[in-house]
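Next come two complexes built around chain A: one with chain B, the other with chain C.
Up next is the complex of A and B:
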């Protein structure tokens, strides 16, 4: 058991870096929770974990597909990042359609006076009593950065777990059956689990709503990242032992 | 829910070698039944567990809404199962069917919750206010209560959402699946490393286009709707 950990120390480092990246990425994603679903807060109208998981797991699908055909780590990470970025960008652009053409409110933020990217005044456009609505450009860009980091993190965890399994003698790759290879299934399962652990921890920091990297709450990220670091070490130990023993049985 | 359907379909396909179409339909039916169980138990459980408030449980509402909930659930689960099945078997994705269905289920939940919800939550309930005037938080106590015929109910909101909220959710999910796999289909990474990097570049370009599009919509909304007009009468009363 200890041999498995010492032999896969690099994979564990990858898993931990991935977990920390996921935790950091969640702070970038502009989620507004229930208030945003009523157009009373800036951001996307759903929960932090749901959205971060949706984006990161879509990245995991892309990374898994890429890993099927190549084992070039930068390319796998990039495709994971692109998959997550596409998912979150599409969700945000469709959210903007709904906010502008469906609800009829101007994308604006109440946390800052001017948009740091476009330099547009925000406070004049915020409806009375709300904390802003819709997705101004700065939130959109922030969300894309969040998707990118989350995708890289998820792909890194998945890559590391597959490497552990390959070292233990299991096989991965496409199989064109509905069940697939057992290593792919268990690695994806652990990657999703680690993703959820690290998506939940920052949500205590965010407390329901965050607008992006211009939000004052964003500055609290080191706390969540340190917590995630500790949590991911435990997850990594369990995952690496489980997968490496799977090959031995 | 998608995982339930996919797990049943996987068992039927791999262990009982049934036709995939039958297996997917059967899996979706079971998932719809599980969904109905959740719906009924949560409706009954909320009132029954808070018995001291003496709230009635409307059995006619359960009878009329549960089949609709099951119908929606069946359609959604079946479509996601078909997407996942095609990705696993035809496109050769390494993930098992159940895993893909789980991931797409989470994704469609995130998209539906973030786009579809907003539409009926914000638009449908405040139709007496001028379009484009923004939404005052105090409007929440002043929602539209009457439908085209009689009082508002769940069907009425579903009907309304089916016209804009549902389709945009579908477009968003479709765009995610399509754009996500299109870039690796056109620039197939199996043909070499360079092609893989082209697919990454294509994805980044798509994201940049979406950022610019969002910015254009923002500028248009700012010029069309203008700054928020303060409600003078309300300030006076406050």
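Up next is the complex of A and C:
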């Protein structure tokens, strides 16, 4: 058990970096929660975990797709990042259509007076009694940055777990049987488990809604990153041992 | 924003210790019965999962009553996230003691995350540490229980081959999570009652057993799959009728007040 850990120290470092990146990325995603679903807060109208998981798991799938053809780490990370960025961007643009053409409100932030990117005035357009609505440009850009970081984090965790399995003597090549592939399945499930743990911890840190990197709450990120760092060490130890055991059966 | 929960502790109903005992002992007993009995009796794993899911739903109810700041689903997701990591670890190193090793690993991970949530992030929920331990343990037992339904045993090799490699683990992940997070999410509010919430947990867990029963037909054959589904359907019907009864008990009476008076009547 101990030699499995010492032999895979680099993979564990990758898993921990990945977990920390996921935790940090959640702070960039403009999450509005239930108030945003009623167009009473800026952001996408669902919870942090759902958004982070949606984007991150898409990144995981696209990273896995890239791993099918190459084992070049930068390419795999890029594929994961692009997959997650596309997913979060599509979610945000469709959300914006609904807010603008369906609800009929102007995308505006209540946390800043002027959008830091477009320099447009925000406070004039915030409806009375709401904390902003829709997705102003700065939130959109922030969300894409969050998707990028989350996708890189998810891909890094998945890549490291596959590497642990390969070191234990398993293969990750294409499988043609109906029952699928052991290593890919177990690495994917551990990656998803680690992803959810690291998506929920920052969501408790944010506590409901966040608009993006211009939000004052964004400055709380070190707390969540430290928590995720500790939690991911535990998960990494457990995951590396479980996958190493797979070589023996 | 305090989404879900009134900001205080949950009140009334069975004490937490009772539910905890049902969940932990019932869950482990079901898993071991399902493992040692012939494949046709793998539904015992599902009964264990039902005990664990009821326990998890009760723990979610107690912790989410304080108001998590984010939605209730998040705690169900972290439950299954911790659960899946701990379950596969325990089964890989534990051999015959696998579920117990998983359970202990889940308790350790849960305790660490609970302490981090209170001390580092500063959520300030008094029962956070205990609740995280309980939720992680319940998620772990739910995953192993439903895996036993599909694979017929909890040998690491069997679980990896029949549950993980073909992707059924993703199904278990989300239906187990639904069983734990949905009952409180559906019933929360000032008139939330423990028996009503937990009857939804039984009903959701029975649906999980039915779906796992369908999945078990691939490996265990149609006979045992049929038995799994039949047991699940019976428990689902029982849970649903119970829930319907509690709804009728708790629903407020609708009193007819008549039509608005007309202009002549007002004069």
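Everything that follows uses one rule, which is that the second predicted complex is superposed on the first by the 245 of 249 C-alpha atoms of A that agree within 3 Å, B and C clash if a C-alpha of one lies under 4 Å from a C-alpha of the other, contacts with A are read in each partner's own complex, and residues count from 1 in each chain.
In this section, a contact is a pair of C-beta atoms (placed from the backbone, for glycine too) under 8 Å apart; a residue touches a chain by one contact, two chains touch by 3 or more.
The model shown is predicted, which means the values in this text are computed figures rather than measured ones.
**Q** Once both complexes are superposed via chain A, do chain B and chain C end up clashing or fitting?
**A** clash
**Q** Please work out whether A:216 is in contact with chain B alone, chain C alone, both, or neither, and reply first, second, both or neither.
**A** In the superposition, A:216 contacts neither chain B nor chain C.
**Q** Decide which partner touches more residues of chain A, taking chain B and chain C as the two options.
**A** Counting contacted residues of chain A, the larger count belongs to B.
**Q** When the two structures are overlaid on chain A, which partner does A:169 contact: first (chain B), second (chain C), both, or neither?
**A** neither
**Q** Check the residue A:69 against both partner chains and state whether it touches chain B (first), chain C (second), both, or neither.
**A** A:69: touches chain B, not chain C.
**Q** I'd like to know which partner A:48 touches here: chain B for first, chain C for second, both or neither.
**A** second
**Q** Does chain B (first) or chain C (second) touch A:33, or do both, or does neither?
**A** In the superposed model, A:33 contacts chain C only, not chain B.
**Q** Please work out whether A:87 is in contact with chain B alone, chain C alone, both, or neither, and reply first, second, both or neither.
**A** In the superposed model, A:87 contacts chain B only, not chain C.
**Q** First (chain B), second (chain C), both or neither: which does A:57 touch?
**A** first
**Q** Looking at the overlay, does A:185 come into contact with chain B only (first), chain C only (second), both, or neither?
**A** A:185 sits against chain B and chain C alike.
**Q** Does chain B (first) or chain C (second) touch A:78, or do both, or does neither?
**A** first
**Q** Which residues form the common part of the chain A surface touched by chain B and by chain C?
**A** In chain A, residues 47, 50, 53, 178-181, 184-185, 189, 192 are touched by chain B and also by chain C.
**Q** So in the complex, which bits of chain B are touching chain A?
**A** 9-10, 13-14, 20, 85, 87-89, 91-100, 102-103, 106-107, 109-111, 113-115, 117-119, 121-123, 131-138, 140, 164-165, 168-169, 171-172, 175-176, 179-181, 183-184, 189-190, 193, 196-197, 199-200, 203-204, 206-207, 210-211, 213-215, 217-218, 220-222, 225, 227-228, 230-231, 234
**Q** If we count contacts the way the header does, which residues on chain C are in touch with chain A in the complex?
**A** Against chain A, the touching part of chain C is residues 1-3, 68-71, 73-75, 77-78, 80-86, 88-89, 91-93, 105, 108-109, 112-113, 116-117, 120-123, 156-157, 160-162, 164-167, 169-170, 173.
**Q** Quick check on the complex: what are the chain A residues that touch chain C?
**A** Checking each residue of chain A against chain C gives 1, 33-35, 47-50, 53, 178-182, 184-186, 189-190, 192-197, 199-201, 203-209, 223-224, 226-227, 230-231, 234-235, 238-239, 241-242, 245-246, 249.
**Q** Help me check something: in the complex, which residues belonging to chain A touch chain B?
**A** Touching chain B from chain A are residues 36-40, 44-47, 50-51, 53-55, 57-58, 60-62, 64-70, 72, 75, 78-79, 82-83, 85-87, 89-100, 102-107, 118, 120, 124-130, 133-137, 140-141, 144, 172-181, 184-185, 188-189, 192.
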